[in-house]
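Pasting the structures here.
Both of the next two complexes hold subunit A, though its partner changes from subunit B to subunit C.
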Partner chain A sequence: MSLKIINKEDLLPFVSNMLREYEVLGPVANDTGFKFAALTDAAQVRLDYNTTILPPRKALLPTQETLFTFRTDMPSVTPAFDMRWRVLFGVHTCDLHAMRMLDEVFARGNPDAHYMKRRATTAIVSVECLEACDEHSFCKSMNTLTATSGFDLHLIGLGDFYAVDVGTTAGDALLENHCKSHEATRPELVLLDKTMSAKWAKFPSRLSLEGKDLPALMGISYKSPVWEEIGVRCFGCGACNIVCPTCYCFDVRDEVSLDGKTGERSRIWDSCQLDEFARVGTGENFRKTHAQRLRHRFMRKGKYIAEAYPGQQGCVGCGRCARACLVDITPVGVWNALHKAHAM
Partner chain B sequence: MSPIPAIESIYIPTLAWISKVETMTAMEKMFTIELPRGQSLGHKPGQFVEVSLFGIGEAPISISSSPSRSNGKFELCVRKVGDVTTALHNLDEGARIGVRGPFGSGFPVEQFEGRDILFAPGGLGLAPARSVINQVLDQRAKYGRVILLYGAKTPGELLFKDELQTWGKRNDVEFHVTVDRGDKEWIGNVGVITTLFPKITVNPRNTIAITVGPPVMYRFVIMELLGKGIPEDQIWVSLERRMKCGVGKCGHCQIDHFYCCQHGPAFNYAQIKGVMEAI
Partner chain C sequence: MKPKVAFFDFTSCEGCQLTVVDSLQTHLDLLDAVEIVQFREAISERGEDYAVAFVEGSITRESDQARLKQIREQAAILVALGACAHIGGVNAIKNLAPLDDVRQYVYGDKHTWYATYATRPISAVVPVDAFIPGCPIDREEFIRVVKAVLLGKKPPIPDYPMCVECKLKENICVFHKGGFCLGPVTRAGCGAICPTYGDGCEGCRGAISNPNRDSMKNVLAEHGLTTEGVLARMTMFNAYEVTKT
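Let's look at the complex of A and B:
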């Protein structure tokens, strides 16, 4: 839409001003690194964070979410929607691409009101990474190291100021009402172009193929010995799913109050790596082995999502699953091994 | 931020009630369900509903009755195997339950008109198959030959015994039944369902085969059907998966790129032949 400039010293007041009206979730430091959390003070925001253990998708798809409440004594059902206005601040572009995918998954086919209403009341202020976060990320290979949509506002750090890409009218109003800004001047635009050009060289391409070629690679990899090789190592702990910004599979559970008269049905995060995931009532398990479950996960990440939702990606190269895996099963390792085996 | 979409939740069940409960076998009961204000479920044969017991959970159950016999009611033949189905078995007539659906693709019966239909359900597979069988029998003139092969483990596990007798007496249905293990009173065929195939001849080009049963049965029955020359895209199955949400979101029922709850549970063999983990 337009390009504005804000001074760096105006950033904290910007967050403070938003905090007066909205819940603001942003990256804050914790004992082991960083996490997205509801801010109580603007000064907690750490835009210099490298990554978080859990992705910010938890703001759009909470770990546990009430779908409806019910009464058991005189049956009645009341839907539950979370429509608090909130700002998700400081999202990296890999996670932004993941949330664009989630937006489409939950809006297409049978629209999911719980997700869509929460999404509609959430503004996203993203931030451009100017350096790779660590040795596990491969956003350059997945073409997610920048973004042109999916945000309301997008910040690009340029020394003493930020360039702000205004993505939506809501973003425009958010900036207008909460922060001093001015239209970008010619020298500021030149610096922006220079910074954006310079950043590419700082990111390694860690995949031996381009992300857009993953569906084709996966299409010929169903019977690869790689699945058995990594299946032997996998503990089936599901950590890869839990930290993944594009995982959205869920289980549904009922909980009842102590008197048994009321209760709620919620959805909770689930993991396709767990033994129970594909088991049916009669006991049959349609993905019994770790190798089958890993193949399913990598097929979703590299093929199914991209094919079911053209223009979207099942993996955004954030590297979180690689960091979380106890036995070093990584997307870069798996995809490069498959690529090498098939000598594409 | 954008305007809040005025849409309703796809996870809210409709409050329905059980108007009739019949015990079928030691493990299966048949429930007749009525929706509020006499509304029709509006299902296609082969579709399923999500049945809710508030405080217990939700389970996908295939619809046993045919649309041709709906009368504002539908039937679910339920085996007692998990939390929801066990709790359902403890309910009496008049109990309230939640229902979402119908979901899934169902069998495209209109496309089967003019064809010979070969049904080969096994065990509890007769529950979903019955919705197609009765739909076809209620519009009998629209179809060619109707051949029905049914197998269960023991005579005691045969479902819909009254209907089996009716089907057996009709002269426009070629009916064969078998059990894996007989008992003192059983005088019929003994052996798995594939032992019935030598008893029938088919015109393969004009035959639609519909087989519903446990995964192990599919491999052998499909082999028999292909052996009779029936083309792959004329062989239909209904796949069982953990269809938790029924609306293509939760991921549990995914088979390769298919969501069983959306693209299935009825598939033809040509669709799933090369798909790993399908059969």
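Let's look at the complex of A and C:
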């Protein structure tokens, strides 16, 4: 839409002003790392964070969420909706691409009312990464190193000030009402250009092929011995799924009161790496082995999502699953091994 | 009519029953839903007409078997309460050494007076309908299991590794902080309480159905744990299971 400039010292007042009206979730210190959490004070925001354990998708699809409550004595169902207005602040572009994918998944077909309501009451302020977060990320290979949509406001740090890409009218209003800003001047635009051009060289590609070629690679990799090789060491612990910004599978559970008269239905995050995920009522398990489950996960990330939702990606190269895996099963390792085996 | 419930104990510290007493204080609705007819740690009545039996403790003497079998005959539903009853628990550490050595170590020259045998979970003696893992049990999980039993549902005990809950809590991985943890092979349900407070998992809730123990040993060793350390950690609560095969 337009490009504005805010001075660095006006950033905290911006967050403070938003906090007066909205719940603001942003990156904060968490032990030796970082996590997204509801801020109680603007000073908690750490825009210098590298990554978080859980992706910010938890703001749109909570780890546990009540869908509705019910009564059996006077049969009735009451939907539970979270209608708080909130700002998701400081999202990196990898996660932004992931949420753009979730938006499409939950909107298509039979729209998911809970996700849609929460999404409609959430403004996203993202931030451009100017350096790679660590040795695990491969956003450059997945083409998620920057973003031109999916945000309401997008911040690019330029030393003493931030360039602000205004993505929506809601973002425009958020900035106008809560922060001092001015139109970008010619020298500021030149610095922005220079910074954006210079950043590309600072990010390694890490994948031996381009992200857009993954569906083709995965298409010929179903019978690869790689799955058995990594399956031997996999715990099936599900950590890779839980920390993934593009995973969205959930389990649905009912909790009933002791007298059986009232209860609630909720959903919690699930993982295709767990024993119970593909087990059905008769006891049959459609993906019994770790190898089968890993293959399924990598097919989702590299092929199925991209084919089911053209223009979207099942993996955004954030590297969280690689960081979380204790037995070194990583997208870069697996895809490069498959690429090498097929000598594409 | 309210279902009649009884509590029993074998070789244990009785800490799980203490947790039951504790959880009843905050869930008075549970006391309305059942009638407790026997619970040595909490009441003096000794009713024998119970339908649901909760048993804490492992079986470490042949002479205990008859009592457990009698409880099994009376109870329509038998629930193992806590790590000792569920998986043998710390009592099973003795299974790692020859029984005579253990008995001499504990009872000295009186060891022939005490007839003990290899520690086992109650499921090794009688069929068990449900179990509540942990050392001690989690009070909220206890309530959930009781509810499920009363409603005739399968108790909602997770069969996936603790890593799921640990990640959901956004804990920094214990291994990444230089520690050791059995989370990748241990049954979730505790909310990853030990890693959340800075300790590695010791496996008190027992292994998941399909644990990758070889990988667990490798990861512990790669992070610097000695062979003895690996064995000690993997048998602290799970010696019965590990020595069985």
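Everything that follows uses one rule, which is that the second predicted complex is superposed on the first by the 342 of 344 C-alpha atoms of A that agree within 3 Å, B and C clash if a C-alpha of one lies under 4 Å from a C-alpha of the other, contacts with A are read in each partner's own complex, and residues count from 1 in each chain.
Rule of thumb we're sticking to: contacts are C-beta pairs under 8 Å (C-beta built on N, C-alpha and C of every residue); 3 or more make two chains touch, one makes a residue touch a chain.
All values reported here derive from a predicted model rather than from experimental measurement.
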item: Contacts of A:L3 with subunit B and subunit C, given as first, second, both or neither; value: neither
item: Which of subunit B and subunit C A:L274 touches, first, second, both or neither; value: second
item: Which superposed partner A:K35 touches (first subunit B, second subunit C, both, neither); value: second
item: First (subunit B), second (subunit C), both or neither touched by A:I242; value: second
item: Touching partner for A:G260 - first (subunit B), second (subunit C), both, neither; value: both
item: Touching partner for A:D251 - first (subunit B), second (subunit C), both, neither; value: first
item: Subunit A residues touched - subunit C or subunit B, whichever exceeds; value: B
item: Which superposed partner A:M83 touches (first subunit B, second subunit C, both, neither); value: first
item: Subunit A residues contacted in one complex by subunit B, in the other by subunit C; value: 253, 256, 260
item: Residues of subunit C that touch subunit A when the two form their complex; value: 29-30, 32-33, 147, 150-151, 156, 159-161, 163-164, 167-168, 170-173, 175, 177, 183-185, 208-210, 212, 215-216, 218-219
item: Sites on subunit A touched by subunit C in the complex; value: 30-33, 35, 52-54, 63, 232-239, 242-243, 253, 256-260, 269, 271, 274-276, 290, 324, 326-327
item: Subunit A to subunit B touching residues, read off their complex; value: 67-68, 70-72, 75-77, 79, 81, 83, 85, 105-106, 109-114, 116-117, 120-123, 152, 168, 170, 174, 222, 248-254, 256, 260, 263, 265, 267, 270, 272, 277-284, 286-287, 292, 296, 299-300, 303-304, 307-308
item: Contacting residues of subunit B [partner subunit A, same complex]; value: 1-5, 7-13, 15, 52, 54-59, 79, 81-82, 85, 96, 98, 214-215, 240-242, 244-245, 247-252, 254-257, 262, 276-277
